[in-house]
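Accompanying notes for the structure given below.
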Amino acid sequence: MLIVMKQEATPENVSAVVRVIEELGYRAHALPGANRTAIGITGNPEPVDPGYFENLPGVADAIRVTKPYKLVSLDARPEKSVVDVGGTRIGGGELAIIAGPCAVESREQTFATAEFVAKAGCTLFRAGAYKPRTSPYSFQGLGLEGLKILAEVRDRFGLKIVTEAIDPANLEVVAEYADVLQIGARNMQNFSLLKAAGQARKPVLLKRGMAATLDELLLAAEYVMAEGNYSVILCERGVRTFADHTRNTLDVSIVPAVQRLCHLPILVDPSHAAGKRHKVVPLARAGVAVGADGVIVEVHPQPERALSDGPQALLPEMFLEMVEELRRIHAIVHQRDVALV
Amino acid sequence: MLIVMKQEATPENVSAVVRVIEELGYRAHALPGANRTAIGITGNPEPVDPGYFENLPGVADAIRVTKPYKLVSLDARPEKSVVDVGGTRIGGGELAIIAGPCAVESREQTFATAEFVAKAGCTLFRAGAYKPRTSPYSFQGLGLEGLKILAEVRDRFGLKIVTEAIDPANLEVVAEYADVLQIGARNMQNFSLLKAAGQARKPVLLKRGMAATLDELLLAAEYVMAEGNYSVILCERGVRTFADHTRNTLDVSIVPAVQRLCHLPILVDPSHAAGKRHKVVPLARAGVAVGADGVIVEVHPQPERALSDGPQALLPEMFLEMVEELRRIHAIVHQRDVALV
Amino acid sequence: MLIVMKQEATPENVSAVVRVIEELGYRAHALPGANRTAIGITGNPEPVDPGYFENLPGVADAIRVTKPYKLVSLDARPEKSVVDVGGTRIGGGELAIIAGPCAVESREQTFATAEFVAKAGCTLFRAGAYKPRTSPYSFQGLGLEGLKILAEVRDRFGLKIVTEAIDPANLEVVAEYADVLQIGARNMQNFSLLKAAGQARKPVLLKRGMAATLDELLLAAEYVMAEGNYSVILCERGVRTFADHTRNTLDVSIVPAVQRLCHLPILVDPSHAAGKRHKVVPLARAGVAVGADGVIVEVHPQPERALSDGPQALLPEMFLEMVEELRRIHAIVHQRDVALV
Amino acid sequence: MLIVMKQEATPENVSAVVRVIEELGYRAHALPGANRTAIGITGNPEPVDPGYFENLPGVADAIRVTKPYKLVSLDARPEKSVVDVGGTRIGGGELAIIAGPCAVESREQTFATAEFVAKAGCTLFRAGAYKPRTSPYSFQGLGLEGLKILAEVRDRFGLKIVTEAIDPANLEVVAEYADVLQIGARNMQNFSLLKAAGQARKPVLLKRGMAATLDELLLAAEYVMAEGNYSVILCERGVRTFADHTRNTLDVSIVPAVQRLCHLPILVDPSHAAGKRHKVVPLARAGVAVGADGVIVEVHPQPERALSDGPQALLPEMFLEMVEELRRIHAIVHQRDVALV
């Protein structure tokens, strides 16, 4: 059930609706938009009687939701959401570029990478302190020490930190240091982790699972929103197919598919899809051209020395050229004058 | 590194090797076999010098492991492992049949199902108390109350309980009630959960992820074993493909592929693959015929009333016929005389 | 449109309906069954008015077909079809075993293989004279010379010949020599070839394409039947998935899915799916256990010398053991007494 | 074997090498490049002795080919090939846009579509006269009548005609009317058709099969080239995956993968991948952004009346906007000044 408020509804009108929902024992999710506020109801085991709301002041409509998801849907919020990360806006016609090494390996490597990311004019830095690795014997990240290095990077370069949380207990620790909590592809249906992320008060970057359908991706985001955290950024990073010329098949078509149903911003991760450096830039261009709100890419000052995923990390100069190309393509897609960018 | 002991090595010889490994700061995993014991070493950041072991009494060989996994491998244990669940053996030429409803829905439904599972001569009962569901708005299981009902089922019918754990904190609770800890397909690469399962002292049933390769499945099992829990049962439950005539494509070919590399038993779950009742029995037969050590299937006394996955649950009479067919096929695969079964 | 005749309808009644259909300018396909004959109509650009038929003598019903296929459907023929190949029945509760080398390489190799196939009590021999190969530089088969060797095999050992046709012109030549015309997976949607096969008067073995859905497979068979050839045998041979432990993923679940919709017999080809000999026997067992009407397998007296697909060819003794196992499993699936087999 | 000629080699030197190859009974394929000519040898059952060539005048090197393909490879021709279609160049830094309806349905519809394709400044027109359809009961194209309409379109609008051939006999007819012979995805491994296309003297547009690997695509092109037709254009049109939000998953990553190995131009077909109009433009942009040499798209003046694939056909105004966007993105990818385009 979605309660759609009239354009002229007052904050008091909204509060009154929320109060009724809570008195019924359910949870209210007020989602303010440019023209009107919608209030989603969750926690109701049975359909809610619209009669409770129809005559309340300021209520325009009470809509039965027929899709499997509610809060992520354009029905709940017809305008696209913009996620604010300490002043950097993700979505809303901006081009977000999140860059950094696969993992925090040392203070030196992390600072060196952060330096050229900042110089390229980017404001969002990615690096893993906790690494979910296929093998128990692979480097699992520096852990808390890594988080502390990332906090230093924020202080030193003014970059906002995007880093991964791997279980509910760990998420609490990561949330103390990170600006954006990343949930990796392998954890897209780790529902305990999604609920914990929903209870955190930091934006969440949610990567599509390697075999996740569109509905499953949207419902994973719904798990986060249903807990009250509405700052969710989706991310396509390649899916498993028979194709053997690429590590994962970047499914750019999910971007317009998401945008037709859902108000959340969506990024593309060309690095994990490509697996090889020479394909990263073309795939990043494809991601922005298809309409994504930005990219998340791996860069490394000395990829041949990286402890994980070195072959897919961009070299500094490739990264700078890519950023320039992406900005020009983004301008075309968003039909602004290149001269004004 | 694997230290292979001579056939005539004494327990003291094994202990001495373990001691050296631990003094080096690593972890020793003694895997006794029919003819010899092998001792796996984990926790070593660098290759270990075989010189530490070669001259110890009882040591036959120190083998460098070149595959990505060590403890799950036939190199570590050339005989197939048998997992003992309170007297029922999984693997080792036995046919394991784990049956029960998708979820514990009520005491009545659970008892009714348990009764005919027990009557069919089965000793292993499956039912979820914690259900990982694609939607946050779907029934999520009865939780602790469900576990308590399962404990009653064990007391009343003598069935051993197989039930799912969904995160590390939850696993501790589940381990108090369950005989086998199930890790679901969506959590196959939830490495925190795998580590927690490795620290538990209960057997683990590990389902293959929907897009997991053979190596990824074996490495997920390796995560559990590397923590010291060697009672792991693998399970194929269907993978994601383009095919739209089935919910998931049951990949029976992974059974001989696993058996060629790994000593752990492997089951097949035809219910989640099929999605529809009429395909469950044929797929169960295929699973046993391809060589699996058994099946895990969903049964329900009144599937039309099930809160989850009703359409795939077998009716009692179908289940009984299936068990009979599976026993006869299993006997052929294992080349015993049907007359003796 | 399907015209279903009454059980007591006479051949004259059937002829009268066929005549009306042909006078309308359409094609009539009379499909006699155990209890009644159905007459499928094809070639009609628009739906046919049932009024033309409803009052003809012997007509029970005129049914509008809503599925995309007509003639392959159980609506057209509720009993399973049996394809007769010179006395050997495929379908109808029989276990068909088609065996032979990948390709005819020489008279000696073909005769040696045929000899042990015949000794195993099999009556159907497979071998390619025209080989569709991924590379233009691979061995493309002996062509006409190969067909002549196959004709000799038939004369010498009494085996029926199953061999592939690769284009419409070629099919005419192959049809002169073969008992069953094979259409390979890569040609499953080579519609010109399917039409040519429909005009031939020999049974057709149609392999599922590597990415074909159930509907596409059935519609490919419909192409053959729509041309008047009703002797079609389907064959699952593995599909393309992400799985890297097998050449193709044998999708055993398509067998019960086909059987629920379609009256044609269906075989399983474990050799092309497995790619490796040690998986062929387990997959063949799975195919028979899931309910397939038989298997088509590659055998070779000296696989290490084979010009194509040697690693997947069974050795003679493996083949003999497999045949014995398959017969016993088939007996269980078809619920006959093992003692009587 | 590839014979690489010196930069200063004369035409007589090349002819002499060709003569030696032919005297050995093999086929010579002279592939002239910007800086040197390479001569591929095919038809040799065994490796060729380089000694035959090393001392001939003008020969720089005789290279053993280790990849499965020879003539498509950058080893044979280090510069990208440009396919000339009556003055329009495909490849070589040009942006090719091939547009038109799925099928020729009538003279009126075809002319109406051709008119706005020509007005948009495009010179390549696509439309099917022979349609490979999944169902035998679907519209199969106007056949020869359709080809004649297409010939009229060429005369009237100066557009070059791209149209599909479906079997070897049909290809001869199509080649009389078409400027480019299209081979559809379902026929990518119809080797008889590929050989026929290789013997034609018209450029070939070869679509990637729905489950074709990179190697299989390149080897299909090799089939055409090995017959002496070196004007081959590749095309990605989406592959089969589990994803259900799109008809096929457009695999943009194959574009840079092809370009790293092969000198042939490659296009992207967003229409068949998308299945729905609103995704066609974003996917076309992604295709050009990833580096493709152009796109092939379906347009229709009245898509709601189309006999096939209406929902994916672009409306005229959407097409015009798309062309403009694609030109600007192409300019960025090829690093020319937008102002100069």
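Some notes on this structure:
As written, the chain order gives the labels A, B, C and D, with residue 1 at the start of each chain.
Following the convention adopted for this analysis, contacts are C-beta pairs under 8 Å (C-beta built on N, C-alpha and C of every residue); 3 or more make two chains touch, one makes a residue touch a chain.
What you see is a predicted model, and the numbers here were worked out from it, not measured in a lab.
Between the contact lists of subunit C and subunit D, the overlap consists of A, B.
Just to note, of A-C and A-D, the chains joined by more C-beta pairs in contact are A-D. Copies subunit B and subunit C of the same chain sequence form an interface built mainly from equivalent positions, shared numbers / all numbers used being over half. Inter-chain spacing, taken between the CA centroids of subunit A and subunit B, is 35 Å.
A separation of 50 Å divides the Cα centre of subunit A from that of subunit C. Separating the centre of subunit A from that of subunit D, both taken as means of CA atoms, is a distance of 38 Å. Residues of subunit A in contact with two or more other chains: 211, 239-242. The part of subunit B that touches subunit A in the complex is made up of residues 42, 68-70, 132-137, 166-170, 186-187, 189-193, 209-211, 215-216, 219, 222-223, 226, 239-240. Listing the residues of subunit C that touch subunit B in their complex gives 211, 213-214, 239, 241-246, 249-257, 260, 273-274, 278-279, 282-283, 285-291, 325, 328-329, 332-333, 338. Residues 240-242 of subunit C touch subunit A in their complex.
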